[in-house]
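Consider the two complexes below, in which chain A is the common component and chain B and chain C are the respective partners.
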Partner chain A sequence: MSERLLTVKDLRVSFMTASGEVQAVRGVDFTLDRGETLAIVGESGCGKSVTIQTVMRLNPEPPALIRGGSILYENGSVKAEITRLSDREMRAYRGKAFSMIFQDAMTSLNPTTRVGRQIVEGILHHENVSRAEAKARAIQLLGKTGLPSPESVYGCYPHTLSGGQRQRAMIALALASNPSILFADEPTTALDVTIQAQILSLMSDIQKENHMAMIFITHNLGVVAKMADRVAVMYAGQIVESGTLRDIFYTPRHPYTWGLLGSIPSLRMDLGTRLSSIPGTPPDLFAPPRGCAFAARCPYCMQACLSEDPGFYQVDAGHRARCWLLDRRCPREVEAPVGRDRTVRKAEREAE
Partner chain B sequence: MSLLSSVSWKGWDSMLRYILRRFLISLATVWMIATICFFLIRMLPGNPFIVANPLDMTNAERLMDYYGLSDPLWQQYVRFLGNLVHLDFGYSLAHPGRSVNDVIIQYFPVTAQLAVQAILFGIPTGILLGILSAYRRGSGLDYGTQMLTILTTAIPSYVLAALLQLLFSVQLHWFPASGWKNFSYTILPTICLSLGLIAGYCRFMRTLMLEVGQQDYLRTAKAKGLSNIRIIVFHQIRNAILPLVTNLGLEIAGLLMGSYVIEKIFSVPGLGKYFVTSINELDYTMALGLVVFQAVVVVAANFLVDLLYGIVDPRVKVA
Partner chain C sequence: MADQPILLDVQNLRKTFRVGRGKTLYAVDDVSFAIRRGETLGLVGESGCGKTTVGRTLVRLYTPDAGKILLDGEDIAGYTARQIRKAHLPRRMQMIFQDPYASLNPYFTVGEIIGEGLELHHIGKNREERMERVYALLDQVGLHREHANRFPHEFSGGQRQRVGIARALAMDPEFIVCDEATSALDVSVQAQVMNMLIDLKKERNLTYLVVAHDLSLVRFISDRVAVMYLGKIVEIGDVRSVYDTPRHPYTIGLLDAVPVADPDYEATHDVRLMQGDIGSPINPGPGCRFASRCPYATEQCRRETPPLASAGGDHSVACFHPVV
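Entry: the complex of A and B
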């Protein structure tokens, strides 16, 4: 049923800086099917943006360097190993196969060029259409994003639009050549909450209509719950847990995921309960730790965690986590302190 | 529909009002400069006739009376303003029979020609070098241009002028060393004037290009699949070049007034010389006339640049 569009295997990306090699992405695997939404969550600097920008090869190379792994893009007869393409070859894919919505539409749109022209530029680059056709299409796209008078927005400069309007224009720009995969890098972080909700529903409507695949980067778990089919939790350049939306929210298995979920307020929470935070800071990616990257901050840290990387444990079909607690030999039985299942169990216990 | 108003007639209306207001402010600026300079130059000790021509006192006094310089200062000021309104700067005191207007009409075109040539050659060259060294940052070309710009900025123009004469006139015999007959005479002074421009604009443009190079919208352009050349030309250069426009006004005004040193070295019959000599000779009318003329040129150039900026940068709101 599902058609695979993207297969990322053991992707490693480093930044070669004057002070050394920063291992920003350290072996990331994920897949993406048509029509599916994958959310990548994690704190700032965990490598989520670098990962998707590598898929589009947007990171300037150098300093970025793909150290290893593969990114396979398949769409019908088109099959491409993205990591091996030259910049010139990449141009055909950027905007057409993949497109991206950036966080801050204010800075991501060219301030001295009319919005319409910026959209038309992309259309003309990828398709052999006349300027008038491209213009008509741009206006149609702007209308589709819910902008009230697309003809006038077409001739506007970005600074004359509101934040929400700009993000809609940005979406129109990203959709210009009907991409099969849409990346969204924190598309609603810069917007206020009511506009966030509008933009999110607009994006899922458009996704359904165009039957696109979408990768959503965010650190807002509320957004994840609303948008995602599958979730990958990233920490220090690695995916530490991935699974369906239910897996991650109901039966999370990695202590880092527990930490993330424990740090958001919930309606079921007892009054007076303090939100938990994860103590410490992420590891230095100049010299990543030998064992589990989260070990230093993990309340359940064991001897093995410090010396050896756990690797992935398959929890269920499609649900895996990178944690020693899941090993058969693990002496401790740790129950997840968060997640819906825990809440349900707690309610049951109290009922008894 | 409110979005459309920025391009409708209402926009032009506010534009016209802006132009009118700026014009009035410009006039006031010129008036203030003229007034301040009028009184400042009168505060200098001595009088034009003793300084220029050591005549006996009676002759000097007679000349003072003749030119109306013995009248109360406020009367002279009113007369000066009256003439100014008619754009009449009066007669030179040091060169009898020559009006200041004649001097400007005769020598300003020479200075202006040099200035325009220097600008047309220097600014595009500087910008181009700046773009190239930003694009090839860290390369030999980049270090080379950076070193050259520092050198040309550090070496005084009269030394450079003499070196240019030595190389191109004395050694190579390519261009005449001095004088003012045909185009070939203009080349060395033009190069000399434009070297500073090239250095300044090269460094400025390089910095601006690198600054714009960090902007998110270039990543958006790349994400659209555009080629590097297109991204650089249509997105990076276009945005980087804007702040340069502001600089242009002062640059043009400064050059249009001529460089005393350069004109002297290359024997160019330009306006620069009169600026210096008129002050030395206490030639009140000449000095004042030239200062007011310069004020008009500076103010007008800035006015035009502001208007131009409003057109090239849509974020700048007129009115």
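Entry: the complex of A and C
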């Protein structure tokens, strides 16, 4: 039986800015079990980063504001409603319950402090160990991330390391207190492919060893295919489709997912084919559209799409999509332009 | 394509940078290749391999230390700034830059950015005629004429990149270097810009050098591809040939490391991890520069530099022990 670690329900996050309220996350639901990897994909500004930053409560509030919803963290006897915790209470969870690695290790590590010290600081915060023990642990962690001569890296400043080495150091830092959930926000986007392959394989190994859950944020669908168990596709602050890895790649049911899958060149695509692009740009989240957020860019847009949000349809167990094309009342029969099973069948509306 | 005349013939190109304390960075070291008219050559490699320097040297943003750049037979490698102007090189070769945020002057309107070259090169009789050209260019890259009076900060990344493309097209060049032209963009926008570059090439019979680190993208857009490692071309040839039957251990490792957006493939595919980081191009020693990471390296590889030699047809590889 899988063990649920995180349950996010109807999460709504806004940013209060001088020019108004930006509704960055507009009702996001997902769950995460121990040991599994969820990938959240979507383009810049879709709210994927804000979602996980909110789970860690990393955004200063204000300007961020949790408008509604719940984030329930459970781990054995520990049970916490993250949205209600004070900043002080959050400190016990950050680093211990969940930890994060960022895209840019250069700006995420403290440039004025030696790498080792940054790791020791994390260990000492959560655990009652001596400084010497913490140092031994830090060196061990650095070694585990595949850094050559971890003792010397321990004493290095971040700027003296290469991009790949810095990312390894940041992984060591994130793992310092053995978190049960690791968030990775575009962890390999800034790296070269050969280094990316090393880092991804390291992350998989560590995940298996620590039986850790991961949420992977990326726009690289190749990385998703390699790392994820389940995938959530986000658009304009909402999840528009979610399912297992195979659901999303082989039987995608949302036109935005089709657009994403069709727009990436793949090493295995036929030469001479044209990329399908998604025309236009995402909507303005100061004033999100009334109906389906993707309607304005969707080649299948109907009357209903403009006036009413479709809500989720249950395509298959664990596979849901937010699209009117799946409604029984929809007269249109469409075929997905990508995937293996392309016949789009009507589905039941998901129970609220 | 093979029957087309050679537009650019690059011979033994070298570009070094002094990095202080008597050290020299060999960014491009003895690189030779040719691009035929109407062809797209992709140039791939990891950061620091010198691919951007090749692009910038070709359009003479840099002056090479040695070697020839024959543009239609005329060696432009040693041209002074004056000769460059006199030969109207900017009207023949242009560049599209990676960062659409840093490469547009924030104090200029989009119309001024696109029209500046027209003005400097006295293209068009008067201001009105130049503005008409700017409008036509905006239209061609999918923007509107009203955009001419706006400033770069009012645009999204994808739109800015279109402005950069319109600026390059304004001079009606024959040859364009696209240096990571879409890597700062989101995937759906990247596809829009990529498709546009392909259409423009057909319409205007352009020749491209596409510099990129994304191997899938380069495969998609190029006719031929060159793989660089620490200042050297290690493999070059027809896209199909290089991607389907790579011969250099580095090319093989590089292609193997690219994650493919297909779960079944990834589930069964085991990446043979290339160990270590890309080395340093500062004062490199003798021998093959890939030797330290190469699983097949021998004593000879550490001693001598392998020359780029034909591996059949148009396909060349610089390796003493090419993989069959």
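Simple rule for what comes next: the second predicted complex is superposed on the first by the 334 of 352 C-alpha atoms of A that agree within 3 Å, B and C clash if a C-alpha of one lies under 4 Å from a C-alpha of the other, contacts with A are read in each partner's own complex, and residues count from 1 in each chain.
Criterion: a contact is a pair of C-beta atoms (placed from the backbone, for glycine too) under 8 Å apart; a residue touches a chain by one contact, two chains touch by 3 or more.
Bear in mind that the values here come from a model prediction, so they are computed numbers and not experimental data.
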Chain A as common anchor, with chain B and chain C clashing or fitting: fit
Which superposed partner A:His219 touches (first chain B, second chain C, both, neither): second
Chain B versus chain C as contact partner of A:Tyr300, first or second or both or neither: neither
Touching partner for A:Ser266 - first (chain B), second (chain C), both, neither: second
Touched partner set for A:Arg246, first chain B, second chain C, both or neither: second
Partner chain(s) touched by A:Asn110 [first = chain B, second = chain C, both, neither]: first
Vertex chain A; arms to chain B and chain C (CA centroids, nearest 10 degrees): 70
Partner chain in contact with A:Arg94 - chain B first, chain C second, else both or neither: first
Chain B versus chain C as contact partner of A:His159, first or second or both or neither: first
Closest Cα approach, chain C to chain B, once both complexes are overlaid on chain A (Å): 9
Common interface residues of chain A - those touching chain B in one complex and chain C in the other: none
Residues on chain A engaged by chain C in the complex (per definition of touch): 43-44, 162-165, 192-198, 200-201, 219-226, 245-246, 249-250, 259-269, 271, 274-279, 281
Residue ranges of chain A touching chain B (in the complex, touch as defined): 56, 58, 87-88, 90-96, 99-100, 102, 104, 107-113, 118, 121-122, 125-126, 149, 152-153, 155-157, 159-160, 170, 173-174, 176-177
Contact footprint of chain A on chain C as seen in their complex: 46-47, 156, 158, 186-192, 194-195, 198, 213-217, 219-220, 239-240, 243, 253-266, 271, 273-274, 277-278
Chain B residues touching chain A - in the complex, by the definition given at the top: 1, 3-4, 6-7, 215-217, 219-228, 234-235, 238-239, 242, 312-315
